[in-house]
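One chain, chain A, appears in both complexes that follow, with chain B as partner in the first and chain C in the second.
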Partner chain A sequence: MNLFWNRLLKKPMAVAGLLVVVGHVLCALAAPWLINHDPYQLLDMPFLAPNGQFWLGTDDIGRDFFSRVLMGGRLSLVVALVSGALATLGGGVIGLLAAYKGGLWDDVISRAVEMKIAIPSILFVSLFVTGFGQSIVVLAIVIAIIKMMGVIRTARAQGLVLVAQGFVMAARLRGESTIYIVLRELLPNIMDLLTVEFALRTSSALLLVSTLSFLGLGLSPPQADWGLMVHDGLQSIHSQPWLILVPAACIATLVVGINFATDGLAEAGGLEASRGIAGH
Partner chain B sequence: MSGVATALLRRVLLSVLTLLMLAVFVFLATEVLPGDALDVSLSADELAMMPPQRLAEMKAGLGLDRPVLTRLTEFLGGLAQGDLGRTLISRAPVSDIIAYPLRNSLLLAGMTLMLALPLAVLLGVVSACTQRRSADNWISTFCLVGYSVPEFVTGTFLVMLMAVKWAWWPATITVDTQGTPWSLLAASPLVILTLLIGSIAYLTRLLRVGMIDALAGDFVERLRLTGISEWRIVWLHALPAAAIPSLAAMSLYAASLVSGIVVVELVFSYPGLGQELVRAIAKREVHVIQSIAILSAALVVGLNLAADLATLALDPRTRSS
Partner chain C sequence: MIVADALSMGYTDVDACVQPVIHEASFSIYPGEALGFVGESGSGKSTLARALLGYRRLGGVFTGGSLRYRGLELTTAKPEALRAIRGLSIAMVAQNPLASLTFHQRVGDQILEVLRCRTGLNPEAAQLRMLGLLERTGIQDPGRVALRYPHQLSGGQRQRVVIAAALACNPSLLVLDEPTTALDKNTESQVLDLVSEMRQQSGAALVLVTHDLNVVARVCDRVLVLKNGRIVEQGPVRKVFSRPGASYTRMLVEASLQIDPSCKPPIRSPGAELLRVQDLNFSYPRGSWLFKAPAHVPALKKVSFSVARGDVLGIIGESGSGKSTLGMILAGILASPGCQLLWEGRELAPSMRQRTSDQLRRIQMVFQDPLSSFNPRQTVGASLERSIRCHLGLSAGRARMRAEALFTELGLDADHLQRYPRKLSGGQQQRAAIARAFAAEPDLLICDEITSALDASIQSQLLDQLQQMQSKRSTAMLIITHDLSVIWKMAPRVVVLKDGEIIEQGDTAQVFMQPQTAYTASLIRAATSAHDLWKF
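What follows is the complex of A and B.
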């Protein structure tokens, strides 16, 4: 454990990333007590410049912008964490199942993963949103499905190595069920890998949520959300640029922070994260 | 020679199979979703006002009352002949609606690939050769930031800097959908720059890992012992060895390129498929959404196939399987 911290502390970018993430999470948790105005109340004073009472001014329909920025990360963080967790656990179990059962199971799972990867995520989401409507639950489930594919691949590859080892054979000879072997024998062995996967999938889920909100496919108004705020700010880009800059900077710092921290943590823990990072 | 031919045929058939399964998936996705094509294309008010008999007539008129399998075969048969169907309300052929946007989006994809690949190769090689020293650290940091920041944020920052602050280009593109390719490209340096940042970051990372593996290989050590210059080893021997596994990983890049294009088009109001998609979603034009989904998937599958074929051409070992 000491070795781990020593290696981590030698990476200034990773430490900085970790601090940024912790700061963001603390702000998001404490937001309801930090805001000084109701983020949804229309104040009848649109486009105010930052002043003593409204620290970041007001937005296009006259809501306190500072309060909205503070609240704006909470929902996307929750959606990203839930879908990141679903993707990691679901992907881990399905990938191990494919590796353990082999044969037809493996073929069907691998083909389905390949097919899903061929559909760009934004189109996949738009197909679902067209039919099921735009709710936070639908959003979390669809993003979990999208982010699960990479985890299935990683878990399957690692599972194939594990299945060849003696303890799996021993469990099978004891007469343990498939579910027991996957959950109690294989899954604990890939927990360190899944931890890295969880961080990576959560950060890319966060990217996707904010992009979808920006496109009008994710969280919907009047919700305070950074992606939505950047979108709404575009109309006043010439006169009130901070309405875009502040939420955009929030998204950018949070995701960059998570990725720097994950990179450093994984390397300090002896795992190669850069191979797992599969883009958006 | 026959080994190559069977391997080629196998890859092409697999791609066709993937596309076929995708088409079925897209059809079923819009089928099992609550409400049929008519229900989702009418607003709730229109539905409530309409007498049930009239609704049934409209469904029969659109052929929606027939069994799923009949319509699926029709849908696939149409696709095979290049017929994407007609829109529900205006009855305009979908292919007419998306022809120009498709051309415009392909223009962006092609331009991005042409500019990003050479730059990514250069950066990836430099990064791998200067591992853990300052050049590599700078490039790796740029890459991590480059693909961490979503395209709509990068694009917005570029607009604020280069369009609003310095006024080099207009912030949005006003060229007509049917404008000449040249006029579109001339109006969109910021669009391409936004896409380039993400693409270069992604591809450089891919190539860096491949190059590091290749440079650690036994064959590089052997080449060094023969006294060939390091320059030749890196560019003529290690780079091809690194490029082959990187090509296979392009499948993920192709999908993220398409998503990136959709987003960037909206930031800059570039008249491509992404704009068309969002318009279609707002109007619930199911056929247009289906067609765009299938075409983009076809683009991804096509790019993957190209990568597979290039791998076959470059690496004789892959021809046996």
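What follows is the complex of A and C.
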């Protein structure tokens, strides 16, 4: 473990990324105690410039903008984390299943993944939202499904290598069940890969949540959310540019931070393949 | 010609520290001689051989001493200077001929490329020279072979092509790194003959890197024995092998398995019939689950034999003869409707999925690669206990005691149970795999090339232990191998496979001493001719 930290500390980008992520998470956790105004209270003073009382001014309908920015990351972070975890674990198990069972299973799973990838994400989300309503649970599940596809492919590729090995053969010869082999023999062997996948999928899920909120398909007003704030700030981009720049910067730093941190962590953990994974 | 003086080398690891690999090696290579580098895996012999071309693998560094080729200091030479000697003066033949030929180019063109880059020959002359080289390396019909791609050639032909390319510019030193490990015994024998012949014709010096003492005895004049990056002994082959000075060399020489006529294979009175295989035919399925296509060549044709309780049956044949396929069919990994198996007189389901858990327990298998046969994320003990609990239904505590008892019986420490497979040596891993197989208390143990991934010194020890375990429990064994000395040591009866057919079977002593077919005879000759050289 010491070796791991030593290697990590030699990578300034990774350390910077890690610090940014930790900062964001701490802010999100501590937000209810840090804010100095109710983020949902209308103050009858729209478009105030930043001042001593309202540190970032007020937004288009007169809510304290600083409080909203602090609170704005909480929901999207939760949604991104939940859907990232679902995507990684579900994708890992399904991908390994395809690799282990082969034949019909593999064909059905692989073709389904390809079909899903062919559908644009936004269209997929709007279908779901129309069908099941616009709630946080639906949002988390639909994003998990979208992000799962890449994980299935990576897990399947790794699984194919593992399945050919003697220890899997030995387990089959013991008469172990498929569930046991996938969960106990195969899954632990791709955990390092899945850890990286989890971080990457979470960061792209975060981006997707913000995009969807911006488009009106994700979280809905009056929720304090960065994506929604970017949307609202669009109208006043010339007069009050900070209303769009601050939430946009929050999204960008968090996503970039996660990517840098993941890259460094994976390398320090000795997973050379991470570069290839980070590419997409 | 080449003089190494206290040469030290190392590899840079992830933390930029240099791990020493070669410690103060001093030796010389004289024109026209054949020098063997011998050592077990990890002894640094390949690193040293590559250094002769001024080449280091990624992360490799020279850390001290000097290495001179005709006055040129190789450790500090500039890339241009090295380029001028590589291929022209010093050429190399790598271990795996398939990996050293590029697969998108015809083999003739690959040799022509060497000639074009290295000599100023015009195209016509180069073409003639290329065909001449192929002919010299014993390739029949060189004109046609030159137009083929590497995958269309056999392993032996590929290695001949690589040797031809290495000889293209008449080098004065040829470095061969494990040139025969990827080949079966018959082809190995031919390639070694070729190497000796080439050396006599061209007068080039040879450096032959190998872990196989028989190969050195056959080709080399002098030998250099390496252990953990140190030269422990060097001298003429005869002297070193007949009167080894270092204890390590003595151990290597004694451990090297031989077919010794004075020490006959074990004889056992056959018990009741355990397994009968009748007219077994098998073809690998082609196509997907949706579109089935008929297979072109059957892997096994009309194979029939039987194994008695407590019997040990050897199965030999060249690579591709179907011997591993046979093992996998008996274990139930591969199955086809044409497989007729009788277990104690009753029909045995071909696929392991249709077998009962008791039937699964009774047939156990040990695989070729010991590392991959254990889950890297579980301790060896966890794997072993899982197997015991699965097959025998024991409690966790009893399973643990059983695992410890098996480990002690195989000469392993009970502490090794808590280790992960990577933390064990190859021999320890394979012994753990044997322990796992015996943990199920099987009636039949299938051993598929279980020694081929191990060093010679460990091989014989492992086989001794396997033999003890087997005779104590009177388990029947099926030993699948290309190494005839393993069969000679272990198996009273043997089956010879060729292209999926049994061409000979009977008592090992009889089959080896009076082979009935030319094929068997050539297998035996390839295995023993090296051994005869031992006696001098």
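The rule we apply is simple: the second predicted complex is superposed on the first by the 271 of 280 C-alpha atoms of A that agree within 3 Å, B and C clash if a C-alpha of one lies under 4 Å from a C-alpha of the other, contacts with A are read in each partner's own complex, and residues count from 1 in each chain.
In this section, a residue touches a chain if its C-beta (ideal position, glycine included) is under 8 Å from a C-beta of that chain, and two chains touch if they have at least 3 such contacts.
Quick caveat: nothing in here was measured; it's all calculated off a predicted structure.
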Chain B versus chain C as contact partner of A:N189, first or second or both or neither: second
Contacts of A:Q165 with chain B and chain C, given as first, second, both or neither: second
Chain B versus chain C as contact partner of A:Q41, first or second or both or neither: neither
Touched partner set for A:I122, first chain B, second chain C, both or neither: first
Partner chain in contact with A:P241 - chain B first, chain C second, else both or neither: first
Touched chain A residues, chain B compared with chain C: B
Contacts of A:Q53 with chain B and chain C, given as first, second, both or neither: neither
Touching partner for A:T178 - first (chain B), second (chain C), both, neither: neither
Those residues of chain A which chain B touches in one complex and chain C touches in the other: none
List of chain B residues in touch with chain A within their complex: 18, 21-22, 25-26, 29-30, 33-35, 40, 141, 144-145, 147-153, 156-157, 159-160, 164, 171, 202, 205, 209, 251-253, 255-256, 258-260, 262-263, 266-267, 277-278, 281-282, 284, 286, 289, 292-293, 296-297, 300-301, 304
Residues on chain A engaged by chain C in the complex (per definition of touch): 3, 6-7, 103-104, 107, 165-167, 169-170, 172-176, 185, 188-189, 191, 270
Chain B-facing residues of chain A, complex: 13, 111, 114-115, 117-123, 126-132, 203, 207, 210-211, 214-217, 227, 230, 234, 237-238, 241, 244-245, 248, 251-252, 255-256, 258-260, 263, 274-275, 277-280
In the complex, chain C residues that touch chain A: 14-15, 288-290, 331-333, 352, 355, 357, 360, 364-365, 367, 369, 372-378, 383, 386-387, 390-391, 433, 436
